[in-house]
Amino acid sequence: MTASPGSPGIRVAVVGGSGHTGGEACRLLLNHPAVAEIVPTSRTDDPFERVHPNLLGSGLEFVPVEEVVAAAARFDAVLLCTPSGEAMRLAPLLLDAGTRVIDLSADFRFPDPERYRAAHDREHTAPGLLGEAVYGVTEFARDRVRTARLVANPGCYAITALLGLAPLLGTGLARPDTPLHIAAVNGTTGAGVTPRTAIQHAEVVGSLLPYNLAGHRHAPELEERFAQLAGAPVAVDLSTAHGDFARGIHIQASVQLRPGRRDGVSRESLLALYREHYGEGSSGEYFVRVNDQPSLGGPTDKDYGRFPHLAAVAGSNFVHIGLDHDARLGIARVVAVSDNLVKGAAGSAVQNLNVMLGLAETDGLLGYGL
Amino acid sequence: MTASPGSPGIRVAVVGGSGHTGGEACRLLLNHPAVAEIVPTSRTDDPFERVHPNLLGSGLEFVPVEEVVAAAARFDAVLLCTPSGEAMRLAPLLLDAGTRVIDLSADFRFPDPERYRAAHDREHTAPGLLGEAVYGVTEFARDRVRTARLVANPGCYAITALLGLAPLLGTGLARPDTPLHIAAVNGTTGAGVTPRTAIQHAEVVGSLLPYNLAGHRHAPELEERFAQLAGAPVAVDLSTAHGDFARGIHIQASVQLRPGRRDGVSRESLLALYREHYGEGSSGEYFVRVNDQPSLGGPTDKDYGRFPHLAAVAGSNFVHIGLDHDARLGIARVVAVSDNLVKGAAGSAVQNLNVMLGLAETDGLLGYGL
Amino acid sequence: MTASPGSPGIRVAVVGGSGHTGGEACRLLLNHPAVAEIVPTSRTDDPFERVHPNLLGSGLEFVPVEEVVAAAARFDAVLLCTPSGEAMRLAPLLLDAGTRVIDLSADFRFPDPERYRAAHDREHTAPGLLGEAVYGVTEFARDRVRTARLVANPGCYAITALLGLAPLLGTGLARPDTPLHIAAVNGTTGAGVTPRTAIQHAEVVGSLLPYNLAGHRHAPELEERFAQLAGAPVAVDLSTAHGDFARGIHIQASVQLRPGRRDGVSRESLLALYREHYGEGSSGEYFVRVNDQPSLGGPTDKDYGRFPHLAAVAGSNFVHIGLDHDARLGIARVVAVSDNLVKGAAGSAVQNLNVMLGLAETDGLLGYGL
Amino acid sequence: MTASPGSPGIRVAVVGGSGHTGGEACRLLLNHPAVAEIVPTSRTDDPFERVHPNLLGSGLEFVPVEEVVAAAARFDAVLLCTPSGEAMRLAPLLLDAGTRVIDLSADFRFPDPERYRAAHDREHTAPGLLGEAVYGVTEFARDRVRTARLVANPGCYAITALLGLAPLLGTGLARPDTPLHIAAVNGTTGAGVTPRTAIQHAEVVGSLLPYNLAGHRHAPELEERFAQLAGAPVAVDLSTAHGDFARGIHIQASVQLRPGRRDGVSRESLLALYREHYGEGSSGEYFVRVNDQPSLGGPTDKDYGRFPHLAAVAGSNFVHIGLDHDARLGIARVVAVSDNLVKGAAGSAVQNLNVMLGLAETDGLLGYGL
């Protein structure tokens, strides 16, 4: 099921093209070397280039979603950038027509209807597809993605936390009987495009906007996946806020190390673990990069440059990871940053698309951050 | 030792007047109804109003610190806004001359030289004063501040976290055998005024700047004080970063509730506990305000407005506290915000000054945030 | 018509209390030493302290505007912080009931119905009051404000530009036959509180948002008032944008100097002119401050500190003015900054209120910026 | 002098690789399809990936500039991202060795030593090269760039203003006897990397930082080039400030239209002029895009979306241009935005490099903004 040789190029539909994630998918696909056609859908009356002023001159125009559904067979893949609940309605229609589907919403992120119901408090309307959907952290599921018809693209908090903490979970370094504590700050593009008072510029600037402190709906998604990595149940204390930036997700996690495993642990040993886990250079995971800068000699700047920097991944598909070791408390503190619209959404989707179509995994995703 | 009736007003020296904290002390004192004279000191050649452009037209001018030391007796109090190590040199001279001292640095925050050495890795040069210094969270130590000669003003992280978590610690609700997890974001004024690359504007904007992840030097200060509140040792996992704002400290804490005490706990019960702890209205703690806004009916905005908002305390001496209860994990998530230069530094100092001089505690501090 | 001695204090209603300007009026009045009662009105169902989280704990609550109209006589003054068109409906009712009115909207800023119609393209419904309304740049109209029943508070662009350029206009230094070029950047509080896509945080952050480039509706207001200062018609080229900040108005103006008057002009001579115009120290205009910092010797920082700094007036009622002289082009470049919600709106209103009630003009307005 | 077919790829040295512009050149070259080797130089001891955290994992390392000079012949081109004065020292050495030079500093932007001296107040040390250097606004000088050995890359203000106003200047629509008024706001990357107080984050956030108001050193560069476009002398009133963003240059210009040419002028006619000037679609200038969005029907959002949006070009090589017509004053107001580090510096340099080497002009530059 690769993009057939000699074809004039890949055709991709982006359902929900007027949202932040849909627009970002279009931005990435516009520079994808193998993509010949991009069809964004939306119900808005506003022209595409007004909704996405960064794509001025791209020539893209919205079509109704019905046009995509009716002609689904002509698309190599359809990205669903829709609100929750919409993908489970559309995916069966699209798959039946023979196209591949990458769902960027939360609809297919749980492996069975019971867990979906528990997390989302409603019934799934396409339960038969839940078992088939591949949870698409590409780095962890490359082989399954390759042959998937339906990929459940991970949430932005989830993918950043999973990549940021996998080496600690997978090796049993993390203490299993206490929650992982994850404080996450997300850009305001994560709040959606519907205008509302709380997200007006004047309300957010110079501030942080905590939310969902009774329990974030992505915590169960994280626990589900962390448990797979750890081979045991994991509790996740996820504390979330929006920050005064548009893009990006910044995660600062405190992981208590297993008492019997703390000997010899240091910043350096933990960094070595991460480098080994993700590989380095041409054999490594291209999109996961570990900041292992040494301490500088100077008295003042020495600390800041050793941790990832959110703005440094803006616009890119990279996750940057850094960490330190609090020997007094036996805690590893991990910082992981990504662009919530790229690696946290549309970039991962394109990465999965590349794998599904037999293209180079980095096609269209090589750009560095700003 | 009150300000004598009929006096022409209070005279205050601000040593280290060219830093952010020193400038803020001047800003507050300029509008203090009982203050007649403010004398800031600095070694800089730059004029006061250039260093502090917000005080344009105030007429203040820097003098050498030696002038203040030589004339210490004529000041009702001296605020030390100096780098660590300087206050322990100056305080004995100033106290000997008969003035009161409020130290905004970390020099007098530990009750004995051993704990100071453990936290700061150097010897204290005025150990005889450590026992006398009153740790000045005014709300907790009002009576001792009233008669103090020397007040150790708390750190900005510490005072915000202490006020934010005291009701949980003091009542034994917090589980004692696991760390308090505190993720704190501080404005860049917290990084000082010495120019350095990492704090240049272009490096911080749109980002978060994690630091001190091997263990923040304020963690032991917090543990010292939390232990007093809890009556037992407390471990504090303090994870810090600078955010893309100049002022403010935003704390998001996860506190595991003691298993035997979780029955009946809810957001409402926790809010009631806080309201009771700090009082309400005219009998309450003026500067500590609990956000107990109910959930709104609307589907979208309902959550954001129930938590404190950093920008809302900018320029003010208030701490705003909000919280929620994660029933699934048995965790209370607490958000506490303050202006790191006001309640976190100069405002608390003025509050303590007021108490020491027998003035109304709110004098010069009534202003609401922006 | 002063606040009667022995009275328990001033009573003020703030109509339109849920907007940015109305909330700011409440913030200032809450710390006003002579104000005993503040009654904000709004039609919103949200509680006051949720709409204005900075005023948490203030205890204020919204009432319907009808309650204020029905009891107008018991208020010493009513501030109208309403959308355009509403003040001309309410002012006659309030004035008839015997209270004073300060209108912060654009309804009463033109002296006759024809000019109002030309600027706003609709009929005025209370034309009989236009002649009576005093245009309230307090510094220019103190005596008329003192006895006014109805004050038209100036727009934020207008008052900042008028105070910033008056010394050049009034002395004939500005060339009369070419427009004043004013590039103004306003905070997003200037865009109102109605949620809309263009002002969502994610759309504004890191950007500037130009608007009204076919001609800003405040340009005629400016021309009307500049003409009074200059004694001749003045054309104003006003170019506007919102910037990535909540509060503040930053004006950068280029004023071509009259060819016959350029001899001997220098930065220093222009600064002297401004200092003379506004006075200095206790005899000067308290809220207008000129930045006349000299160039420093250093090679790099020397220039920045000589001009006003927007953040330095945040929250305050000050206008800071700086300038330089481009000798090559014969142009004076003037920078004037204010807080659009304070000196540009609610602060000026309180300043006018103080004058109308015979109070000290600076009452409630002494605070410095941040 | 094209990149020879069959060659293993282009080799480029970036002298001054630790500055913002040098780092940006590396970012773009890292994704350039024809570039095989990038050699950045710097005197700093800090590792490349610490100085440019966005390029984490790129593997680039600094070498001393002397290494590049000694091996100049092996580079297809050298980009000089050096402080003023350094390029005129290095360019002769590099050209003599047979490589091409693109200078991103101001050293070669004037065609003769007299005009250089007038603008920069010092002697040029390589005056013999001034006549040869091609001023590289690629869109205006493509043919001369193609055969150039030495390209003087334009300043960021200059290229944005030139592209933004060329259609008005070249057609004689702009009134010649009065200055062009250009208010420009530049990101703080434009202030360089040397740490200094005025550019510390806490000093800039929430503010604007005016500078060089006695006359910006780029004004003569602009006048030189505008005069070429207009065929007559042009005066430029350039008013500059840094804004609270890292990247980007936002220009808002007021151009008085020639009185005899105002008939029939409208926003639409001006937009048509711009579209004709720059072409559209595949025959148009790829990097110059005109925002001609119509007014929307809604009462509130209708205006904002019709003008360029600074953040929308971040990271890209595009200039977005929008405008409106103030019929009352006979003024065209033009907004032009670019990324000061890309189209304003390194992107233009790569664009020129592509032309000089016979590559596709858009190679490595296709990316859209964020």
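Lettered A, B, C and D in written order, each chain numbered from 1.
Just so we're on the same page, contacts are C-beta pairs under 8 Å (C-beta built on N, C-alpha and C of every residue); 3 or more make two chains touch, one makes a residue touch a chain.
None of these values were measured; they are calculated from a predicted model.
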item: Centroid-based (C-alpha) most distant chain relative to chain C; value: A
item: Which of B-C and C-D has more C-beta pairs touching across its chains; value: C-D
item: Cα-superposition angle relating the copies chain B and chain A, to nearest 5°; value: 180
item: Geometric centre distance via CA averages, chain D-chain C, whole Å; value: 38
item: Multi-chain contact residues (two or more partners), chain C; value: 196-197, 199, 203, 205-206, 244-247, 305, 308-309, 311-312, 314
item: Chain A - residues contacting chain C, complex; value: 20, 187-189, 191, 193, 195-197, 199-206, 244-246
item: Contacting residues of chain C [partner chain D, same complex]; value: 178-179, 181, 183, 185, 194, 196-199, 203, 205-215, 235, 237, 239, 241, 243-248, 250, 252, 254, 256, 267, 300-301, 303-305, 307-312, 314, 322-329, 331, 333, 335
item: Residue ranges of chain D touching chain A (in the complex, touch as defined); value: 27, 30-31, 46-47, 49-50, 53-59, 205-206, 246-247, 281, 289, 291, 293, 296, 305, 308-309, 311-316, 318, 320, 366-370
